[in-house]
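Each in structure tokens, the structures are laid out below.
Below, subunit A partners subunit B and then partners subunit C, in two separate complexes.
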Partner chain A sequence: MSGEFDVQIIERDDRQARFVVRGLTPALANGFRRAMIADVPTFAIDSVRFTENSSVMFDEMIGLRLGLVPLTTPLDEFEIGDTVTVALDVEGPATAYSGDIESSDELVQPADENIPIVELKEGHSLEFEADAVLDTGKEHAKQQGGVAVGFRHLQSVTVGDDIGEFDEQEPEILRGAIETDEGEVVLTKEFDHDLTNKYPGTELTVEDVPGAYVFHVETDGSFDVAELVLRAAESLGDRADELHDAVTA
Partner chain B sequence: MMIPVRCFTCGTVIGEHYEEFEARASEGDEDPAEVLDDLGITRHCCRRMMVSHTDLVDVVAPYQ
Partner chain C sequence: MELRVIEKTDTELRIEIAGEDHTFMNVLKGELLEADGVSAATYNMNPEQSGGQTEPVLSITTENGRDPLDALADGASAVRETTDAFKDAFEAAA
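On to the complex of A and B.
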């Protein structure tokens, strides 16, 4: 296997990206996917000390919801196991939102402000202090930075002869991104996921491109996609080094 | 009781969009499918979280 990977970004914004990597084996592609899910740590609320909870939900239910709120995680500033104290104090009638959570650290804030925690009626109130802990998805699913991380084979299309004028053309549904006849990688949503919209009236052959995979990566907002992908690649490298050192020592 | 914070299947945060979805699609007269597309909730696992949810806070509040 060659030492060089060819990476081509198809679409990208803060929380979502799609890119093609060439020169991978299926095992390595899956290792990379798993590293993005389980190896990149994020902050999540882990223990909650309730001062008052007269809402319609039990402490445990609120604790679960709090754990799932994504918190921004600048990974350069923190190490696994670090904690940040957060607090919330809301009196009804009102809805307690994730945006009402106050953090003791400016860098660690709720990534989304509009997540309803619990709706409080007249006379209800919610007050607590909680610890957010930095840990990996291996420890608990709430600490996963990547959500819906997946990959599939890159498929290439070869355009053949025209089909007969009165022949029925079967739809050819594809997902994600494909490589066209000209060697260009395009998103399938550009032709509504049906290849016959792009190449009407021709015979089409769709084949997997060996060693090329299309990754689709989303983050929960703890950090941007670039950070997630780079940290995952770094963790794979670190583990390979660790194995190398253990074997050669 | 309250809309779950994340989609059960894929883990995307969907809770933050529920109030807007309710206001536009359930109380308003917009097409629910178009509102979900607009909110960026594109997978069917996440869409069912929104479409099938019922808020029960008002139902249980008197017994608190």
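On to the complex of A and C.
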């Protein structure tokens, strides 16, 4: 099925987006979702050399927290397995934040500045050097680029007759985005997720639109959503190429 | 990606595709099921803890004289075409 796809972006900002894709099969939609979560690599701190740690946390606890700090990852410049050295030196009383991490490469920086690593009291200090490694979410969850990736069927609403004057209308709760009578895609938060707010006093029929899926994609800040989606599609395509070459060789 | 043919006749193929998981196998299976001359396609994969065959095994049955290996090669290129079409559509919208 190398059919026609139609993509419509409903909302997007730096780290999250919602879009409708038409012409997908469930297998393909799930393939893209899984690839976004597990197969697009990002940098994460993987090994730490402590020079001094007189904080209240063990080295291992700080190591775990450091691994979870998202680092910006320009994928054109690096390959899986590449490392970037980062370092931190903070003396108490102060809180060591992710923003205090100094990177040897200006392309690879903490994506958020304000993640607390550990609170240091008077006389405490923390100093280390660490290696951030580029790898996939399949290897370790800290290297997932997509942190909340999901899809659901696009649902369309058909407005019917008015309900009886004294009939009670049941709430009709929907999530994400829906397609209205006029074929327009609307976010459900615009009517507080209850369809009866948008169409009061009418009979409503809600059904799935075949082959249309609403994706909601959120990244950890390593890169933007478009990068994540395109890289995921590319990783599936790469594997297809590899299989094709292996079979025909 | 290491391939190992387990069984091959004129109309049937069972092949181990080492190093792959549901992400790719399910997409490939979906693509094969829509191809002409393929009457059945499925894959089997056991969990890590099962202690048996844990790499995915793809099974294809063909009809109308189609060679299953050819069907597999075409299925793989169809996946590539599909992902490229999706990328183009996404870039056009973004």
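For the reader, a short list of remarks on this structure follows.
Note that in this section the second predicted complex is superposed on the first by the 247 of 249 C-alpha atoms of A that agree within 3 Å, B and C clash if a C-alpha of one lies under 4 Å from a C-alpha of the other, contacts with A are read in each partner's own complex, and residues count from 1 in each chain.
The working rule: contacts are C-beta pairs under 8 Å (C-beta built on N, C-alpha and C of every residue); 3 or more make two chains touch, one makes a residue touch a chain.
Given the structure is predicted, the values throughout are model-derived calculations rather than measurements.
Of the two partner chains, subunit C is the only one touched by A:31; subunit B is not. Applying the stated contact rule after C-alpha superposition, one finds that A:218 touches subunit B and leaves subunit C untouched. In the superposition on chain A, contact is made by A:9 with subunit C only, not with subunit B. In the superposition on chain A, A:65 makes contact with subunit B only, not with subunit C.
When the two structures are aligned on the shared chain, A:47 is found in touch with neither subunit B nor subunit C. Of the two partner chains placed around the shared chain by superposition, subunit B is the only one that A:115 touches, whereas subunit C remains out of contact.
By the touch criterion stated above, A:158 is placed in contact with neither subunit B nor subunit C.
Number of subunit A residues touched is higher for C, counting subunit B against subunit C. Within the complex, the subunit A residues that touch subunit B are 54-57, 61, 65, 68-70, 98, 111-119, 121, 124, 141, 144, 147-148, 218, 220-221.
Those residues of subunit A that touch subunit C in the shared complex are 1-9, 19, 21, 25-28, 30-32, 34-35, 38-39, 138, 226, 229-230, 233-234, 236-237, 239-244, 246-248. Within the complex, the subunit C residues that touch subunit A are 1, 3, 17, 20-24, 26-31, 34, 69, 72-73, 76-94.
If you check the complex, the residues on subunit B that touch subunit A are 1-6, 10-13, 15-19, 43, 55, 57, 60-61, 64.
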